[in-house]
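Shared between the two complexes below is chain A, which pairs with chain B and chain C, respectively.
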Partner chain A sequence: MAEFLQALAQGLLIGSTYGLLALGMGLVYGVSGVVNFSHGDFISLGMFLCLALYSAFALDPYISLVITVPLMTVIGGLVYWYLLRPMVGHQFLMVVQLTLGLSLVLQNGILMVFGGQPARTPSVVESKLLILGDVVVRVPHVIAFVVSFAMAIGLYIMLRSTDFGRSIRAVHQNAHSAALMGIDVSRVQTLTFALGIGILAIAAALLLPGTPIQPAQGLRYTVITLIVVALGGMTNFVGIMLGGLIIGLSEAYGTIYLSDTLGMLLPYGIFVLIMLFRPQGLTWSSSR
Partner chain B sequence: MLEVDHLVTGYGGVPVLHDVSLTLNAGEIVGLLGANNAGKTTLINSLSGMYAPMSGRIRFEGHDVTAMTPKQRVEIGIIQVPEGRLVFPDMSVRENLLLGGINARARAHRPRTMDHVLELFPRLKERLGQNAGTLSGGEQQMLAIGRALMAEAKLLMLDEPSLGLSPLFVQYIFGIIDRLHAEGLSILLIEQNLNLTLRHAQRCYVLERGKVAIEGASDVVKDDPRTRRAYLGL
Partner chain C sequence: MRQEFYKTLTSPVWLVILVLAVVLPPLLPSYYLHIVILALVYVALASAWNIVGGMAGQISLAHSLFIGTGAMLSTALLLKLGVNMWLGLVISAIISGVMGAMIAWIDFRFQLGHLSFVLITMAFAEMGTVIVEGWDFLGGASGLLLPQDKGDFLAFQFGGGIGAFWVMLVLAIVSILINVAILNAPLGYYLRTIRDNENAARAIGVNILRYKIAAMVISAMLSSVIGTAYVRYLTFADPYLLVSPIIIIEVVLFATVGGLGRAYGPAFGALLLVPLGEILRGKLGGTLPGLHYFIYGVVVIAVILMSPRGLLPLFEKWFSRMRPKAATSK
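Our next item is the complex of A and B:
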């Protein structure tokens, strides 16, 4: 029973961050139809930036956010404006190839700068534990959970009640009509992509404490994110967060009850099963 | 107020509009008639800046707007109500109206403009919190016009406002068009409904295969035998 609860706690805590990763991808897909295959490598970039800032200035990953979030947001904006924007809307396959290429560039760029050995970025809270009865949770996981849900709620409120948020939804629902209202569609798409990458910088710092990182890990995060987004129904906020929790839980239960390696396969097995029986995703309506 | 001068527009290098010229004076309702594929929607979208013209000029209130982006044209008051209404279906009526007034010029007085729009369309007031996708066709047309008024239109371009509406709603919408005209708004009206357009517009242009075939006061256009022929695309 203790094992069961332990896995439950761990799965929920990590799953919330998976949900946050997927929200960024879902938003970008919603406004520009871009599926970003370099998503996971941008997470890597965020993590290695934290490592660099730790090596140079001994900054804690949580503090590095002050630098990495604006930096990654700007990088995201530039990547969309100069690389993706010319292709978006008429060259779907080119966009896929471009983001795949970007993934290789990022991965090898990181490899070139940091080398291939697994690295760690220490944080003051890294080894702190929270003990609730039989369940022991790591403080970084709790922080990740709280921040991820706070971010998700904040994004939701932003989409509902600000002009920028309404512009994002307008472009998602009908880009032509949005342009006729005087919304600059390319600008909204660029800012949304930048926002998505900025969110990744936060997610990277949340996942970092206690996790060894290496340059080739990006693909794993990309795949997890794609699965969560597909489960959630691409642009459905609640569905995506729920999808994140399901993947987090299946990973946690898999590692505890099966084995380390087999356990990592469980989320994919569950994904295939859900897609077999509910190809439309988890939630009833997939529109927003 | 609006002068279109020898406009040529097309897609992928193939012109759809050939050398179209038209004018619209402040406070006028001008009708734009023509069969399907005559180029009416292409023309209105060119005026909105959705396509760059291959040649020709568009002037609005004395300024050359040919090179302006759609956003800049909205900001100077050229507003389109698109064919099929294209309201944002998964947003509330209120949110649709707020989006209508999102341009820099209109944003500051949105509350006041919204009061005016809701007074014009009491039905929308009852449905403020409802998603636009759940409205009837007629209500969506009201919303589409209301959204354009929120943008503080100086020139309102209506693309097929009666499309798919019941006769009662058509009458209502044209009543609104007359009222907006009486308030001094300039209106460019694209319509399939020939008689209705001729009755409400002061002047009309008939487009035929991307060219202006007939133009003049509505009475003159009405009696021209070529009008019906062009309209039927014969």
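Our next item is the complex of A and C:
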């Protein structure tokens, strides 16, 4: 039972950060139809920026956010404006290939600067534990859980009740009509992409304490993110957070109750089954 | 329409390729021969993928399963059970074909959208990687080492180097010719109809399931055979190279950048990008780790921004622009 509860806590905590990783991608997909295969490498970039700030100024990852979030937001905006915007209207797969090229550039740019050795970025809360009865959880995971859900709620409110949020929803529903209503579609798409990458900077700092990082990890994060976004129906915020929790839980239970290989297969198996038997959860399939 | 295919077969270009293939390899330093062989491997793989990804418009990332089966299973059968590699090639190809048919059936049965198909095949590819790395019979995470290539043809050995070159050249040409044949056969028209409008295709009575399975099985078996030949050339069956999602990402990249759905597009992309990547690696590999991939990534981005429809269509446009000028100057 203790094992069961431990896995439950672990899965929920990790899953919430997966959800946060996926929110940005879902937002971008909803507004510009871009599936960003360099998503995971932007997470890497966020993590290594924190590492750089720690090595240079001994900044804690949570404090580095003050610098990394604006920086990544600007990078995201520039990437969309100069690289992805010219591809609007071209084949979906070409855009995907472009983000793959970007992934190569980011991953190897990081490798050139930081080298290929796994690195760690210490934080004050890194080794702190929270003990609730039989369940032991790490404080960074609790922080990540709380912040992830706070961010999800914040984004939801922003989309509901600010002008920028309304313009995002308008472009999502019908870019053509939105343009006729006087919304600058390219601008909204660029800002959304920038926002999506900015969120990743936060997610990166949340995931960082206690996690060894290396430049080649990007693709793994991209795959997890894609799976979570797809489970959530691509653009549905509640669905995406739920998808994150499902993948987090299946990873946690898979590694505890099944052999190594089977445990690693479990999240993918669950993903395939859900995709096949709950297509109604996939809101985009009916509209495409 | 058959005539198109026969016209391709009797084209004088083959003679040029044959002469080049006989004359060049013995002259090339082994490093450049290696690059040529690699380029041919990817020409073959990208063309095989094109049948599903380009013509039928189904962006399958599950092809690493077929390449991996061809490579790892045939090697495991030889090393663990003493099965002749020719037989292993056939067994692997059949298993790949069955897997391909199952994936096509799943796609049809559950009416997957484009994006769901990409993601589900990606999940299959990831599962394949996990299974190979966790299963000792297929070599686990450490891979398998084939016996040295002594040039015994009956044991699927071609003597490395020039022998491997000929095998890959044949596979690449076969792969391209299958593309040309399908494009000019009813199957090619059905596939493009399905790609462009599946509902319309269904409405005019195209048997969607049958043609989707046909395309996937042909493509899967071809990929598997290429995988077997590739591993024989490499000698070391490395799961991180042959079953990884990276190999299929590369194949899709070459096919897309070259020109999807064209008979020669994917081959063109592979012929340009593989040598570029290898030469960058050779020149810069020893300097700063990551530098050659970094430049490669920049080139890929630049090429895509320059020719968002693919390189082959771009070159055709340039060529057709140059031609009238040449004609008028005469």
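One rule holds in what follows: the second predicted complex is superposed on the first by the 274 of 288 C-alpha atoms of A that agree within 3 Å, B and C clash if a C-alpha of one lies under 4 Å from a C-alpha of the other, contacts with A are read in each partner's own complex, and residues count from 1 in each chain.
In this text, contacts are C-beta pairs under 8 Å (C-beta built on N, C-alpha and C of every residue); 3 or more make two chains touch, one makes a residue touch a chain.
Not measured: the values here are computed from a predicted model.
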First, second, both or neither for A:L226, with chain B first and chain C second: second
Touching partner for A:L104 - first (chain B), second (chain C), both, neither: second
Partner chain(s) touched by A:Y268 [first = chain B, second = chain C, both, neither]: second
Broader residue contact with chain A after superposition on the shared chain, chain B or chain C: C
Touching partner for A:R169 - first (chain B), second (chain C), both, neither: first
First, second, both or neither for A:I183, with chain B first and chain C second: first
Touching partner for A:G115 - first (chain B), second (chain C), both, neither: second
Which of chain B and chain C A:R85 touches, first, second, both or neither: neither
Touching both chain B and chain C, residues of chain A: 288
Residues on chain B engaged by chain A in the complex (per definition of touch): 48, 50, 69-71, 73-75, 79-80, 82, 86-91, 95, 98-100, 102-103, 107, 147, 151
Complex interface listing, chain A residues touching chain B: 163, 166-167, 169-170, 173-174, 176-184, 287-288
Residues of chain A that touch chain C when the two form their complex: 35, 83, 86-87, 90-94, 97-98, 100-105, 107-112, 115-116, 215, 219, 223, 226-227, 230, 234, 259-261, 264-265, 268-269, 271-272, 275-276, 279, 282, 284-285, 288
Contact footprint of chain A on chain C as seen in their complex: 53, 59, 106, 110-116, 119-120, 122-124, 126-127, 130-131, 133-135, 245-246, 249, 252-253, 256-257, 260, 288-291, 293-294, 296-298, 300-301, 304-305, 308-310
